[in-house]
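Every chain is named by a letter (A, B, C, D, E, F and G) in the order it is written, and numbering of its residues begins at 1.
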Amino acid sequence: MSAVVGPSVFGLDPLYIGGVGLAEVLITLLKVGAAFALLLMAVMLMIWFERKLISDMQNRIGPNLAGPFGIFQTLADGIKLFFKEDLIPERSDRLVFKLAPFLSLVPAFLVFAVVPVGGDFDGSDGRVSLFGHETFLQVSDPPVGILLVLAMSSVAVYGVMLAGWSSGSKYPLLASVRASAQMVSYEAALGLSLVAVLLKSGSLSTNQIVAEQSMWNWNLWVTWVVPMVVFLIAATAELNRPPFDLVEAEQELVGGFHTEYSSIRFALFFLAEFMNTITMSAIIVTLFLGGPNGPDFTTVGWLSGLLWFFVKLMLFLFAFVWLRATLPRFRYDQLMDLGWKLLIPLSLGWLLVLASYDIAGDRGWNRAAAVIAMLAVMAALAGLLALALRAARQRRELDPQGGFA
Amino acid sequence: MSASEVVAAAASDEAVRRRDHSAVLRIGEDDGERLEAEAGAGDTRMIMNMGPQHPSTHGVLRLMLEMEGETVMRSKPVIGYLHTGMEKTAENLTYLQGPTNVTRMDYASPLFSELAFSLATEALLGLEPPPRATWIRMLMCELNRISSHLLFQATNGMDIGAVSMMIYGWREREEALRLLETITGLRMNHNYIRPGGVAADLPDGWRDQVLGLMDALPPRLDEFDTLLTGQPIYRERLQGVGVINSAECLALGVTGPILRSTGYAWDLRRDMPYLAYDHVDFDVVVGTYGDCFDRYAIRLNEIRESIGILAQILDQMPPGDYRVQDKKVTPPPRARIDESMEALIHHFKIFTEGFKVPAGEVYAAVESPRGELGCYMVSDGSSVPYRMHIRGPSFVNLQTLPHLMQGGMVADAVAIISSVDPIMGEVDR
Amino acid sequence: MVTASWYLILAAGLFTIGAVGLLVRRNPLIMFMCVELMLNAVNLTFITFGRELGDIGGQVSVFFVLVVAAAEVVVGLAIVVAINRRRPRATADDLSVLRG
Amino acid sequence: MKLPLVGDAGAIADHGLEGVDHNFVTGKLEDLVKWSRARSCWPATFGLACCAIEMMATGGAHYDLARYGMEVFRASPRQADLMIVAGRVSQKMAPILRRIYDQMMEPKWVISMGVCASSGGMFNNYAIVQGVDQVVPVDVYAPGCPPGPETLMHAILTLHDKITSGEITRRRGETGAGANLTVGQRDGQSSTGVAIRT
Amino acid sequence: MSNSVRHVPRDQLVETVAELRDEGYVSVLDVTAVDYLEHPGRTDLPPEVAPERFELVVTLISHAAPGRTRLRVQVPAGDPTVPTLFDLYPGTEALEREVADMFGIVFEGHPDPSRILMPPDWEGHPLRKDFAVGHIPVQFKATR
Amino acid sequence: METAVFIVCAAIVLAGALGVVLVRNPVHAALSLVGTLFGMAVLFLNLEAHFLAAVQIIVYAGAIVVLFLFVIMLLGVDRLEDLSVEPITGQRALAAIVGLGTFGLAAAFLATSDIGVPGQEALTGPVAGQYSNLRQIADVLFTDYVYAFEATAALLTISVVGAVVMSRRMVRSHDAAEPETAKDD
Amino acid sequence: MGYLRGFAVTLRKLFKGTETGRVVTTQYPDEKRPKPVRFHGRHVLNRYEDGMEKCIGCELCAGVCPARCIYVRGADNPPDDPVSPGERFGYVYEINYLRCIHCDLCVEACPTEAITESKLFEFSFTNRADAIYTKDELVVGDDGRPQQLPWEDWHPGDDEHTSAWVRATSPSGRADYEGQVAWSGELGYGIRPPERGQAADEEGDGPDPDDRGHDGHGGHQ
């Protein structure tokens, strides 16, 4: 194994700087294993947490009979599904049908690989010492980490899409069509809101991005909140979580794309959905809330980082459940409208505002004036957009066949 | 719009009819798959079966939707999956047993069916129930209207995807049901309103409990308002969806909240009063646009009106008999059985063969939470109805579905079914 | 050791497969996919040469190819959709209607 | 092929858990599986009439089926374990009910909720199937018209007990497993009452 | 508020309903039928109306002067056909289908004359008096 | 290591490409294409083109092929193509000849000549310059090629507008128009 | 901001101490919701205070049952060991609980208050035969309490009031017969008190001093 391949594939992790030996491989394997186990445990707890929390929000108790506080509820679900009869529908496309659940699960895990879950970023780049080797608390830190996130989240649509298509019946197919349109649309908003972070951090490496946000210097403030809101909304849509869960809208499409799935294959979808929720929350924490950054209050440096990361993660998991408990579901066209007519222009405009701030700083102009001027331009453009949309709607309403009385 | 103008519109508006033909998918129940197979692969229209076992078809309604992409072009409701033969069963049950049968029709508001049945029987008998019975009936009906509309709030929330709203709706409904249970002994299908009065007097402590419910509900309704009415996503989902106008409603025979949502104020309680509704003061809630949101808002506000009516009923509840004191119709009090041979004989006669009702035919109607619930009854002079027919509002209202759905999306279809609030037991009977 | 020729021969093979597919298949969607294969082959060549010559320009060219490919697919698929609306089951042979 | 601790692979493939040799390890495993089946018994959303309203009320805050891990009402029969036949089954509905039952995956259970489903109840007439056990094998009957939420919960708990003790699986084994269970004439109904058209 | 009953010959049904519509009867509330096969003796018919086996009952409502009118139409058993009211009130569609399903009365001109409540291949019309209820004995231990 | 990666990826790429050409079901063809694209992305990584590897997946796999699948599902054209009929006689033979000829020529050229491939030594060291791959691309893109870059922006905009106009339904205007625009990012 | 106000509603539920956040769940089977006095549960056949059965086999209940779920056959009392005080007694008494709709018409019809309904509604069967209750299972035990069958879930206190007593003793709509005791005593309980009826109404509604179960209506106290 040549030392030169290392940096190109595994990025900048100090673990590989001194060459790759057996210890490095073992540590890497350990990190992969730990990340996977951690993620699985987290999924189990997340499902339980979601069910308990949503029950609390509805004056109920929620699962409380499987183990203490019902904490083994997910385990029971998993074991049951594992031992349930499996079926591949006659009209399905067998190969694709079998492939789809894995297509949805693998990207969910891969994204997590670039998330720094701990480490002391206060002044340093977050390296910790594992068995005498310096390394990051993340599986891998490729130089294009953020692009990997985008790539994986755009690949995740395949699982949903192919599952629906391969089932060979109508409801899943409809869900597939919805899924592809929805996920591709929100991919754009997701990417654009990310650019704001990149603009400020100047790096695609997640480790770098976290290191840039040491202590309280979070991107949330640095990018003036809006990109995070856009990202959160777009992420919710990417995850097919309520109120954007049109893909599996039970009331409309029975089970959505997984209508025909049973047993362990269905469990994989279930797993992927929640794993995606967790990884996406982790990504938000990394990008906007400074990852493991926070005041150090323990003697072991990296432990407080882990704790901070966990606390911030919980915040977003809570938010996702809260959204589910509160909001009704969007309709397909409203979802598209929100994505295309609000989120994308907003994130694009915000990017320009941030850029004008930076450029004004570089050129020595008055920053406030530049931002205000840019905001004015944005407002004018927004006005134009609104006018255009209204005109379009009016024409649609006049269209005798388009509208309904 | 005045009534006469509406009539004129209904009479002249041939557009209503034309749209009829285009909105309703006129194919047989089993033809969907055949047509699908015949259509070329490039034909983008497909026929989709929604139901009879589908989460949002409120039980066993089946809809055949002709769709283009996600847009519903034409549709046809297919019913009968819950056909129970209740009208046939009614011909084999005495007038005394009758309420047990009709109460199972509209299981969300069972007392209204019992009331319509009892009013029809009383009309044939030529009896006037005592005032306390009348007021108890009103009390019960308004409580039932509240629980029925709460059920709507729950299912509507569920269909729109607001999971908490569903649970909140059930929670409030449970409170109302417990009150009904205290009074009648059953949560649903009460068999409480009988020809000649009600089965039992109000229990001890009923007034406190009704007051308790009246206190507890309004803040919860305000919660619904915050959660849904004021929620932009929710409004977007419902406003302008499933629009219908008064003329169309009347032409289709639609009654209840759907008719009122078009701005047409027609409520039997006010316009053709029965029981003692002319002695209470309440507003008929109407909408403006005839869309799903109006229908939701009407039901929510009718709960508030019902609470107002309950207050007046509490004030005006008269003392006295709660069943008509006619030996032929009402069994004697327990105390009389031991004293009087005649009473014992009446008791036995009523519980073995029931009471005889003079020959004739009659139609009686009440305003149920879903519209005009009528009972058409023919008697041949025996103690069993010769023919008993219930005009179910859901059954007639269901005909609006194709018109409301045309041009909408699948998600709209779900919202529309929900806003029509059909109870399939009453549709299929 | 992998030399540039390996990559170039792979690209040539890929290009050939794409070209043959384009000539043989009648489904317009699959023909599009074959075009994508050919573009990919070219991309690989660009990057390999860029790498060999130590010039980042090769990668920049690939970037432009990607953008143009995206634009091409957008328009191409729109044409397919439009044709399909009017004549279901159209194959590439039927696309002669596009001629004036 | 003989596997250590577990038993003959072919037998397991043919009979699932029933084919597993009984020893300490598999015994514990079987207990675990039974526990999980009882603790995670997802009902299908299958509502018919009055009982469906009570079934939903059971999922509401006052009774909270979620405590048993059962709030996961699955709209797709493929993912459901339990079919609660809630309400009267008409002659027109019976074939559909059967189809949905057939779409469910083993192991699956049926609760006949309410007297109308169990035997036709007070609707002893031409339109109603006099007992859903003529169409699908029923594991637990809940009486009442409609059964209150607590009655339904009692029925569910009864079912959980039976799942945990393995009684149902045994009974299925004796009478011809699962969906192929031939249901004898019950309640005086002639066997011609329902024609299954699937 | 008034409730009136009118007896209408079968061939004048459509005209009568059209007249009523012009008089302000905005809606048809109900269309149903009665099978008088086993009725012991009908006393409520006026002398000029000859009783037949079936009677179609149409209930209309007027909102302007609140009131309902019930039209009773005698339909002979030998020729159970009635003209449809669909063209005047499209809301009668389902109601007429139900009557057709339950009584076997044919509505001429109805756009969708299929069964509505019973399965399409069902034989017989359940609400006719000569259709048996289908009662089966209830199960008891002592009657085994 | 690099050899192993190359061989595996080349096999994936070629298998995927053959799949596109030979498979009858369009969805399977699209999936084969995804395989090819992933293989390509890894090859790009092997060639130190990190940025393009990621963009390859995001744009090609994440958008273009999804769009293919979307159109296949939307139009319901996922029926099997009959490959047994040859629309134009001799077409396939001709195509095979042309294909083999092209490949043969290119391969022969590469094998025999020494032009264009200055060093047939291993491709190992980083591309010239001390900056990261991304930085290098950006530097060139926004200086030398800035007009070309702007032109691509115009191209994308025009193609989106054109696509929307073309795929609009004549009768019904408001539906199905939006999804088609969901393709350019 | 209508988008956000809803979040406050759901968030408030997390505060368990407040009225809106109160958990309303009854944790069956560990606890049971208190049932109102008039609750219709499964039937019991009552006995007089001297242990005699009240049922006289008159079949009124069977006749009035809309579901025809009661089967009664009367027989003459054996003179040396009478089962009921009258001439005849219910020799066979069966209720098919897979037919019974709990409408309580049987309770209203019974001339001797022999059949009433308990407050037990938590039972279910795994076997159709279990659902047919015979007289041995229906009749109250020697302490006047309903018998507990293996598949029934009785909690302490469930047997206190064999309810629907109210319908059995209904004054049939006559206000002046309300509150009058016109029924016989019952094994283990003696003569049950009537509901107070409209008398309580006029006095103003205090909760009934002897607390007959309407305390369980969560939320409105």
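Here is the rule we go by: a residue touches a chain if its C-beta (ideal position, glycine included) is under 8 Å from a C-beta of that chain, and two chains touch if they have at least 3 such contacts.
Because the structure is predicted, anything quoted here is derived from the model rather than measured.
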Intersection of contact partners for subunit B and subunit G: A, D, E
Chains most often in contact, by C-beta pairs: C-F
Euclidean distance of C-alpha centroids - subunit A vs subunit E, Å: 62
Centre-to-centre distance between subunit G and subunit E (centres being mean Cα positions), rounded to whole Å: 43
Subunit A-subunit F separation of Cα centroids, rounded to whole Å: 26
Approximate Å spacing (C-alpha centroids) for the pair subunit C, subunit F: 6
Subunit F, residues touching no fewer than two other chains: 2, 48, 51, 55, 63, 67, 74-75, 77, 133, 172, 175, 183
Overlap residues in subunit B, where contacts from two or more other chains coincide: 41-42, 44, 54-55, 69-70, 80, 83, 85, 88-89, 100-101, 164, 167-168, 171, 174, 189, 227-228, 231, 233, 409, 428
Two or more partner chains touched - positions in subunit A: 57-61, 177, 250, 254, 325-327, 333, 402
Residue ranges of subunit B touching subunit E (in the complex, touch as defined): 2-4, 6-7, 10-11, 16-17, 20-21, 24, 26, 28-30, 79-80, 83, 85, 87-89, 91-92, 250-255, 266, 271-273, 359-361, 363, 365, 372, 374, 376, 378, 380-381, 386-387, 389, 391, 395-396, 398-399, 428-429
For the subunit D and subunit G complex, residues of the former touching the latter: 61-64, 67, 115, 118-122, 124, 131, 133, 139-145, 147-148, 150-151, 153-155, 157-158, 162, 186-187
Subunit E-facing residues of subunit D, complex: 91-92, 119, 124-127, 130, 186-190
Sites on subunit A touched by subunit G in the complex: 56-61, 322, 325-327
Footprint of subunit B on subunit E - complex, ascending: 1, 3, 21-22, 24, 26-30, 32, 34-35, 39-40, 42-44, 57, 59, 61, 63-64, 66-68, 70, 87, 89-95, 98, 102, 111-112, 114-120, 126-127, 131, 133-135
